[in-house]
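Shared between the two complexes below is chain A, which has chain B as its partner in the first and chain C in the second.
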Partner chain A sequence: MTVPAAPDPWVVGPVTRTDFVRYQGASGDMNPIHHDEEFARAAGFPTPFSVGMWQASLLGTYATNWLGAENVRNFRIRFLEQVWPGDVLTCGGEVVREYDHEGERRVDIELTCRRQTGGKAVTAWSTFVLPGAQPDGEADGA
Partner chain B sequence: MSGPNHGSNHSGDYEERLAAFVGVEVVPPKPGQDPVNVPMIRHWVEAMGDQNPIYLDAEAARATGRDGIVAPASMVQAWTMRGYAATAAGPAPVNPGRGPGMAELIALLDEGGYTSVVATDSEFEFHRELVVGDHVSAREVVESISPEKTTALGVGRFVTTMRTYTDAGGEVVAVQRWRTLRFRPKPKTEPQPEAAQEPEPKAPRPRPAINRDNEFWFAAARDHRLVIQRCASCQVLRHPPGPCCAHCGSFDWDTVEASGRGHVYSFVVNHHPRHPAFEYPLIVAVVELAEGTRLITNLVGVTPEEVEIGMPVVLDWLDADPDLSLPVFRLREGSN
Partner chain C sequence: MALNREFVGRAYEASAPYEVSRVKIAEFATAIGDQNPIYHREDAAVAAGHPDVVAPPTFPIVFSMSAAGEAFGDPDLGLDFAMVVHAEQRFEYERPIYAGDRLHCTTTITEIRSVGRNEFLTLRSDVSTGEGELVCRAYNTIVERGGAA
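Take a look at the complex of A and B:
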């Protein structure tokens, strides 16, 4: 069985302070640097900036929509550039590797959340199992 | 140098105090405020734009073979966040009967000047889906604290912790390696509305290639003296500096100090490529000194349209940074 095709890139934004605050309310992360203008400036930033876990979790949404929420095994995130109010984010992904592991067929994917500048805000790597796919006996690529 | 000097905090003693936190459980296992519940999931999936019905609709979840609604995997951390009231109340108090915890680690980092924080990495391993009613606890252990690193945001230290999420029965539901950069914020560079401040160069001026034959010239420049190399045998002046007289071949030389007067021998205006150390338009000129030697320099205080070949100029000094001063030239007033 082949891995389902990756969904079209998902465009989010222009993102707003309200998006950040909504995520903060949902996550319980009330760090004021993401919504308090004066606090952010005092910390050396020009404005509040997004919560890294928000844009990272947007990639999570993209990935679980693609390969199934029940199939995710891990999710590794690298925060690269900060996301600022007004940014337009584009989430996409691709298959890196398909292999057998402990009797399961697995797929490793790489996900990227890019800013409108082309800069990467977040790169993530995730492993999913492919349900219903029998291990085909191929050697684990590792 | 200006600003507070935190150097004394980087003594061996400070390093040891930081190192003492490695391996320490800085957050003991603590149940989240609420068990996994649909209202919190609803807020989360709305923020995420996630429309998968298994998170809100029990029927839809059962249709996938699940027992009921499940929580998004990425939400595991949210079940253990302490929420706004606790955040507003300030750092968590010291745990009675326990060693130093997260509040003490953050205080120690603050003491070192690392008062700002950004997340750099998160590595989740999910062991099972969370279902409504699960009561998640998290504990956090410090895995490593890096030596001081220079980053784009400022100097800081990477602090890596391992968070373990467990259910009410103590079974691990997920683990998370969490890395943040705790850093010393750079001085503010935001534009001031008054426009009173000097524009700060975005990057240091490129370093000259200094060697034994030309170091005297740059050393004199740091003292704001423009010197010209002179052959000790035939007295011919030369620039740029070199080991040997092109006129007589002698290796003996001394210097004379230039008058600082000259004229524009030729010039170009540099538009592209732009280097962040320079102001544009950048006038690069060959100035012929009154003594007869020529040097490549910049013209300042004049627009490209105003520059003419033959224009009289006078020496000024550019103090690019504490280690680099360079001669520049401006229009010589009253000479026309």
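Take a look at the complex of A and C:
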């Protein structure tokens, strides 16, 4: 294996509305459901909740710290459970497969952001190039 | 209310190129808890072999949805934005985004479908330079809860 070992799981939180609003300001997604109590309740939610792309981006942070921001080829995110103020999130990942693709050594990883309940908030799948690794000639890539 | 299927295939072009700045990348990286110096300091990025500060992988969300706002706000589409949640997001990268890039973005509504009582709408945003170099594609699927009822 030429893939560096996955970093230890990254614990974030308890998360706050300030975290959500800081992300909203940075991303430009000002949907009031993430900060306006009355708006959230009118839409059927008990309180404002996090922006899905915030916790997805935490997984991006975990992954690029692991394998390098310049090496990412794709990043696919599925949003599962909402994240609420006070939640404690744990971001982690594992290698799915390592293979050659068009002359590059690549690795597919699966990333998970879990809430303190054990529920999955976000799952993501990503492909990175392993720049130091030479293709081994096995045409097992997709 | 069901979403108007006539919107499938419509494309929306951002009114102006998005100019990627070091300050915006650093602000975004801070918001996602990322202290990687190549996101924050030009000297660190250059030392790592990059032309300028590098954007984190989810950074295209900052500008890739702006053109879609025109569609979402069109009353003929019939979208109740208060009932919208994000279902899936995908990015495919041709190269990293760097500070100094001027990026053109065209967003196309590629699919509208019903699943149970919910309406799913998928967009594809093609992001390229002024010279026509494709930089990345972003795919965004939103759900309008109860929209198909």
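Note that in this section the second predicted complex is superposed on the first by the 139 of 142 C-alpha atoms of A that agree within 3 Å, B and C clash if a C-alpha of one lies under 4 Å from a C-alpha of the other, contacts with A are read in each partner's own complex, and residues count from 1 in each chain.
Rule of thumb we're sticking to: contacts are C-beta pairs under 8 Å (C-beta built on N, C-alpha and C of every residue); 3 or more make two chains touch, one makes a residue touch a chain.
None of these values were measured; they are calculated from a predicted model.
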item: Overlay on chain A: chain C relative to chain B, clash or fit; value: clash
item: Contacts of A:Y23 with chain B and chain C, given as first, second, both or neither; value: both
item: Partner chain(s) touched by A:G60 [first = chain B, second = chain C, both, neither]; value: both
item: Which of chain B and chain C A:L111 touches, first, second, both or neither; value: neither
item: Which superposed partner A:V15 touches (first chain B, second chain C, both, neither); value: neither
item: Which of chain B and chain C A:F39 touches, first, second, both or neither; value: second
item: Contact residues common to both interfaces of chain A (with chain B and with chain C); value: 12, 19, 22-23, 25-29, 31, 43, 52-54, 56-58, 60-61, 64-65, 69-70, 72-79
item: Chain A to chain C touching residues, read off their complex; value: 12, 19, 22-23, 25-29, 31, 33, 39, 42-43, 52-54, 56-58, 60-61, 63-65, 69-70, 72-79, 126
item: Residue ranges of chain C in contact with chain A within the complex; value: 24, 27-28, 30-34, 36, 38-39, 48-50, 54, 56-58, 61-63, 65-66, 81-93, 96
item: Residue ranges of chain A touching chain B (in the complex, touch as defined); value: 10, 12, 19, 22-23, 25-31, 41, 43-44, 46, 52-54, 56-58, 60-61, 64-65, 69-70, 72-79, 82
item: Chain B to chain A touching residues, read off their complex; value: 40, 43-44, 46-50, 52, 54-55, 64, 66, 70, 72-75, 77-78, 81-84, 87-88, 115-116, 118-126, 129, 153-154, 185-188, 190
